[in-house]
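Right, one structure below, let's go through it.
Read from first to last, the chains carry the letters A, B, C and D; within each, the first residue is number 1.
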Amino acid sequence: MSPLKLTGFTLTRRRSAEMAVILVLLALLLVAPTFFARISVLFFILNWIVLAESFNMFAGLTGYVNFGHVVFYGVGGYVSALLMVNAHASPYVAVIAGGLASSLLALGISLPTTRLRGAYFAIATLSINEAFFVTFDSWDAVGSAPGLSLPISYYQPVVEYYVMVVVAIACVLSMYAISKSKFGIALQAIRQQEVTANSIGINAAYYKSLALVFSGFFAGLAGALAIWQITFIDPPSAFNVTITVTSISMAMLGGLGTVIGPVIGGALLYELTDLLGLSYPFIHLIILGVIIVGVVLVIPDGILGASRRVLTKVRGRR
Amino acid sequence: MLLAELVVLGLAYGLLFGVLALGLTLIWGVMKVVNIAHGDFVIVGAYSSYWLFVLAGVHPILSILFTAPFGFGLGIIVYLGLVRRVVHAPELMSLFLTFGISTLISSLLLYIYSPNQRAISVTFPSINGLGVVLPGNVAIAAAYAVVVATLLRIFLTKTYWGKAIRAVTEDSSSALLMGINPEAVSMLAFGIGVAIASSVGSVVMLLQAVYPTGGSEFTLLAFVIVVLGGLGSPFGALLGGIVIGVVDNVASLYLPAAATPAIGFIILVIVLIVRPSGIMGAKGR
Amino acid sequence: MNRNTYKSHTSNSEMLAFGESKARRAISRTAGIGIVVLLLIVALGGAYYYTTTLGSATTSSSSGQTTTTTTTTTPYTGPTKITIGMTMPLSGSLASDGVMSLDGLKMWAASVNASGGIYVKSLNHRLPVQLIYYDDTSTASVVATDYQQLVAQGVNFLVAPYSSGLTLAAAPIAETNHLLLISHGGASDSIWSKGYKYVVGVLSPGSQYAIPVLQMLENQNSSTPLKVAFFFGNDAFSISVKTGALAFINSTSGKFSVVYNQLYDESATSYTAQLSQIQAASPDVVIGGAHFADGETIVKNIQSLGLHFKMVSLLVAPDDPHFLSDLGSLANNVAAPSQWESNLDFTHFSPYYGNITGAQFLSQFQSSFNMPPNYEAAEAYNTGLVLQRAISDSGSLNSTIVRNQLSSENIWTFYGNFQIGPTGIQSGHTMVVMQWQNGAKQTVWPRAVATSPFVYPAP
Amino acid sequence: MGDLLRLTQVAKRFSGLEVLKDISFEVAEGEVLGLIGPNGAGKTTLFNIISGILKPNSGRVVFASKDITGLPTHRVSRLGIARTFQIPQPFAEMTVLENVRATLLFSNPRPEGKLPRDAKEICEMVGLGGRLEQPAGSLSAPEKKRLEVARALASSPRLLLLDEFAAGLTLSESSWASEMIKSLSKDYGVTIVWTEHVMKILMRSVERVLVLQSGEVIASGTPAEVVKNELVLKAYFGGKPA
């Protein structure tokens, strides 16, 4: 029996219940703007989910820590902003162009860096991000340090929200499809033992590049959508290492390498920081630090892993 | 002449950068933990020196006698309480934990000491020689760096624990066979790493203003240097520091000043493409 | 034990579900858990917003109903307070400025409420003010969500976050919701070139910053063109200052010659290389700067290199009281353009508004917050005063009415003149020049308000 | 019938140190070739060069009349060269069955190949039938060696490179190993190159032996011939007879 058959779908009672919940959730997302005033919170929850999931798409599957993930977000944002500001492009065109530009960049970055291992890869990607930051900061054609600001006519929060919903769904579905495909199995093999993966006929360099291209595409879309919503972009907000680290935290909190983990981690951590920032403007970062340290010490395998462990234990006792 | 002056200045800064990176590379070498909180320990040291100076009039250079052992103790506490749990975990786990520690330290400093920048005015006379002027504070920083590097070298080559650290760095499994207690070595390395960071903080106080969340810049600098030199290699860290120091200063002669920070990163990426494990890195890591 | 936990973490066997029903069940379960968690978040979030936004609306309407049915005299059914919403960078790179600004506003609110609030004619009621503030962590995306939160909470007016970039992120939300947004710490001229109607500034825009310094130098009777080195930091604010300065120099025909013009990286550990290059260009004066730390480092570097210029004028840093405590005698003779100094007295101008002088502001702030204020605190306090004036003059809490009222205001406060141009940009307020002299801050320009003559050239 | 694998003057240096010096030999289709030599003789380096993990500084590697010198590992694998690692390197988090299935998925089956294409069957062939659902990382050391073979077989190789295969195995396990190797060659027509630094086990199952020392081939012939070779005795066994 071929492993690819395993993606076959059988409708069980549990699965239909699951589908029902997903549909309800999607319906909620679709009607949210009618009753939810702070639509940008939902927008940014989805934006972070896409960032965390796209990080996961490469790092979670291949095991390589892309510490420069935000460079895709920044370049996607800048490309779309430049198109909207200078060419008065349609925002849809600009967003897609942002995603494509970032996937092209991902391809370019992957060629020299996928030879690097472990921490070397992490820091090389970090350096590439910093080089972009500094370059954009002193490059007049892209607005240099003062940044770019969109004409107010582009500001359409509800439209932006629905585009964000579509992109987020596409991102999670892509991750699902990748992880269930031959491509995903190759990435799993690479993560666990790259030399062996090569020696059984997996072209590791090719698959890693491809994964980074997908990751870059979605992070670029996230960046382009974020600038559409915020209407302002400058180098510190576009190439901020904190965004990378937050994406990593979200993916890890939910469960790295899983499909749904970054969704849970992204929503939870964003909402947590948002609520803490609103309620405790002076100490929310201290609380966040305690939570992160606590997560590592108490549930190092993320929420998904931890709940799986608890369930196994409960089942064992029964 | 200006070029010579900048090279000397770059060397002096480079030595300090190199020592900053030594702390990071020591920790990486022994336990393969990337310590994102490294720069925050620098800030902790800097604030300690600041308050010692403001409240008790202790000269920042003298306060190293406090910040170094304080950093050592802090490092051991952090190691035993937190880092120990992730030493055997995947790289990302330790990255995540030290990010949490970094957030915690910087936000606590922010809460306690307010976001204001702090600086102190202690100046040493400039050194003139062969037509080259070196600011006195930078010369003192370089001298400190040379002392720390020398002490560390003596420690690593002459003492049992120093040799143990080197043995674990080179091959932890055979070090285990030789009867070295890896737990104790890790604790020691983390303590020394934080002690170095914290004492660098005292010296930084002589050179610039600090603020609670400024640690990430030092972390980033140390990262770049460590990888440039080759992870786990103390000599590589010093070399990487000097390269970055000199390039940073000299580049501003030929490039728009605002663009110079990019040079260090670009050099790093090029070095990694040519030598995937850094200048002094082991082959095939 | 730890090893095992990590093993189970990394064991993503469901990813490679090679047809095993066990693995599939595991996915179902985890997906199920995930969805429950998500739902919980949505529910909790919904509950939170209900209580904070819709909740407040329902309580006020229900209290209105009960009062109308039970009392005979005409009861007051309108709002019970004036709510002013804002985010401030309380953490992140702009935290020190954000905290200072917030403190200024808090001090204003406290003084208004101590005097019984603001009289709103249309309601025939005196209402206290309430500040609603969140930490935007110096991040534009947080500004975007938190201003929507403020709008949803139904605040009456908005105050902008500190800095031009964050103000630009808040502006479209204010504009589309027709809420007044007063900027006290966004100096970039570009804020007022976007066609926003509801964005009003109380401070002189960046393009005006360096002009009094140049005017002052122009007055120093030099026959040959004065050689100027421009050495500004690379950020939106400093660049707009430089642009304004260059435009002014071009308009003075031959009084100045720019011999050096470079931006610097504000996070650099030393500026020795560029300062040596500046020295090589032998300028009379150096005009530049950006923020606090870089300003201090530049002064230290100038000293350690043994350089001497007739004048050094930097942005922001010299104006901060810490400049003296950090640098001691090195601070002497360093000048800075300033939005405000506590020793300025505008009380003889009229109409003078606010019952507070610069000196009183200084001492009250000092006793409230246990540190001396800088001009950011004064700007923020002044924001409150201006808003207070426009509310009482218009007698309304409607942002559109108050915004229109602001267009016709021409008042003086302890901070100086307030008058805005058609775009909302500040046009009445003028900058002054301060200089450290023998360990004391002196205002040296314009002559009319100077507390001490300008020390030039520096000894 | 020509040679399946031919190495011509292959040399490899690591930062100045010559690990392999002008190695030339060929392996005939269907042959079982033993490659012996002390630790550090260059056996693993040679395998790494054949399988494309390392590039030689000079020389050529020809497989089935195709020059594969410097070809990337995955392409070498797809041409039909499989290898086991001296220290087993399975996909630790996958089960035994998944390890084999992943290999089947990416390998390039030859139409004339006789090896089974079913993961379970392959696992049973190497004696792992009872461990199908166990994560590979939790197998015992000898079981991991069996998994190495299973994974190699799943890529239906024409040439199988076994690196220090019997090292660390007990007597009964190593006799199983030599039986299996014989059967692979006889029943399935797989050509095998087998390195070992312990001579004994290898001698029973190979037809021809190459002796490698300090990067050079110092002797070749049937096991019986090699054992008598003076040079081999001196260099390899330190002068004492085996």
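Keep this in mind: a residue touches a chain if its C-beta (ideal position, glycine included) is under 8 Å from a C-beta of that chain, and two chains touch if they have at least 3 such contacts.
This one's a predicted model, so the numbers in the text were calculated from it and none came from an experiment.
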Per Cα centroids, the chain farthest from chain D: C
Top-ranked pair of chains - ranking by C-beta pairs in contact: A-C
Gap in Å, rounded to a whole number, between the CA centres of chain B and chain A: 31
Whole-Å separation of chain centres (CA-atom averages), chain C against chain D: 71
Geometric centre distance via CA averages, chain C-chain B, whole Å: 35
Residue list for chain D, restricted to those that touch at least two other chains: 93-94, 98, 101-102
Interface hub residues of chain B, defined as touching at least two other chains: 85, 89-90, 93, 107, 110, 256, 258, 261
Contacts with 2+ other chains: residues of chain C: 2, 6, 10, 12, 16, 18, 20, 90-91, 93, 234, 263, 265
Touching residues (chain side chain D, partner chain A) in the complex: 51-53, 72-75, 77-78, 82-83, 85, 89-94, 98, 101-108, 151, 154-155
Interface residues, chain C side, partner chain A - complex: 2, 5-6, 8-10, 12, 14-20, 25-26, 28-35, 37-39, 41-42, 44-46, 48-49, 53, 88, 90-91, 93, 133-137, 139-146, 148-149, 151-152, 164-165, 168-169, 171-172, 175-176, 188, 190, 194-196, 234-236, 239-240, 263, 265
Chain C-facing residues of chain B, complex: 2, 5-6, 9, 13, 85, 88-90, 93, 107, 110, 114-121, 123, 126, 133, 135-138, 207-209, 211-213, 217, 248-250, 252-253, 256-258, 260-261
Of all residues in chain A, those that touch chain B in their complex: 59, 63, 65, 112-113, 115-120, 122-124, 126-128, 130-131, 134-135, 137-138, 145, 241, 245, 248-249, 252, 256, 282-283, 285-286, 288-293, 295-297, 300
Chain C-facing residues of chain A, complex: 1, 3, 5-7, 12, 14-15, 17-18, 21-22, 25, 28, 36-41, 43-44, 47, 61, 134, 137-138, 144-147, 149, 151-152, 155, 157, 179-180, 184-185, 188, 226, 229-234, 236-237, 240, 254-258, 260-261, 263-264, 267-268, 271, 274-275, 277-278, 281-282, 284-285, 300-305, 307-309, 311
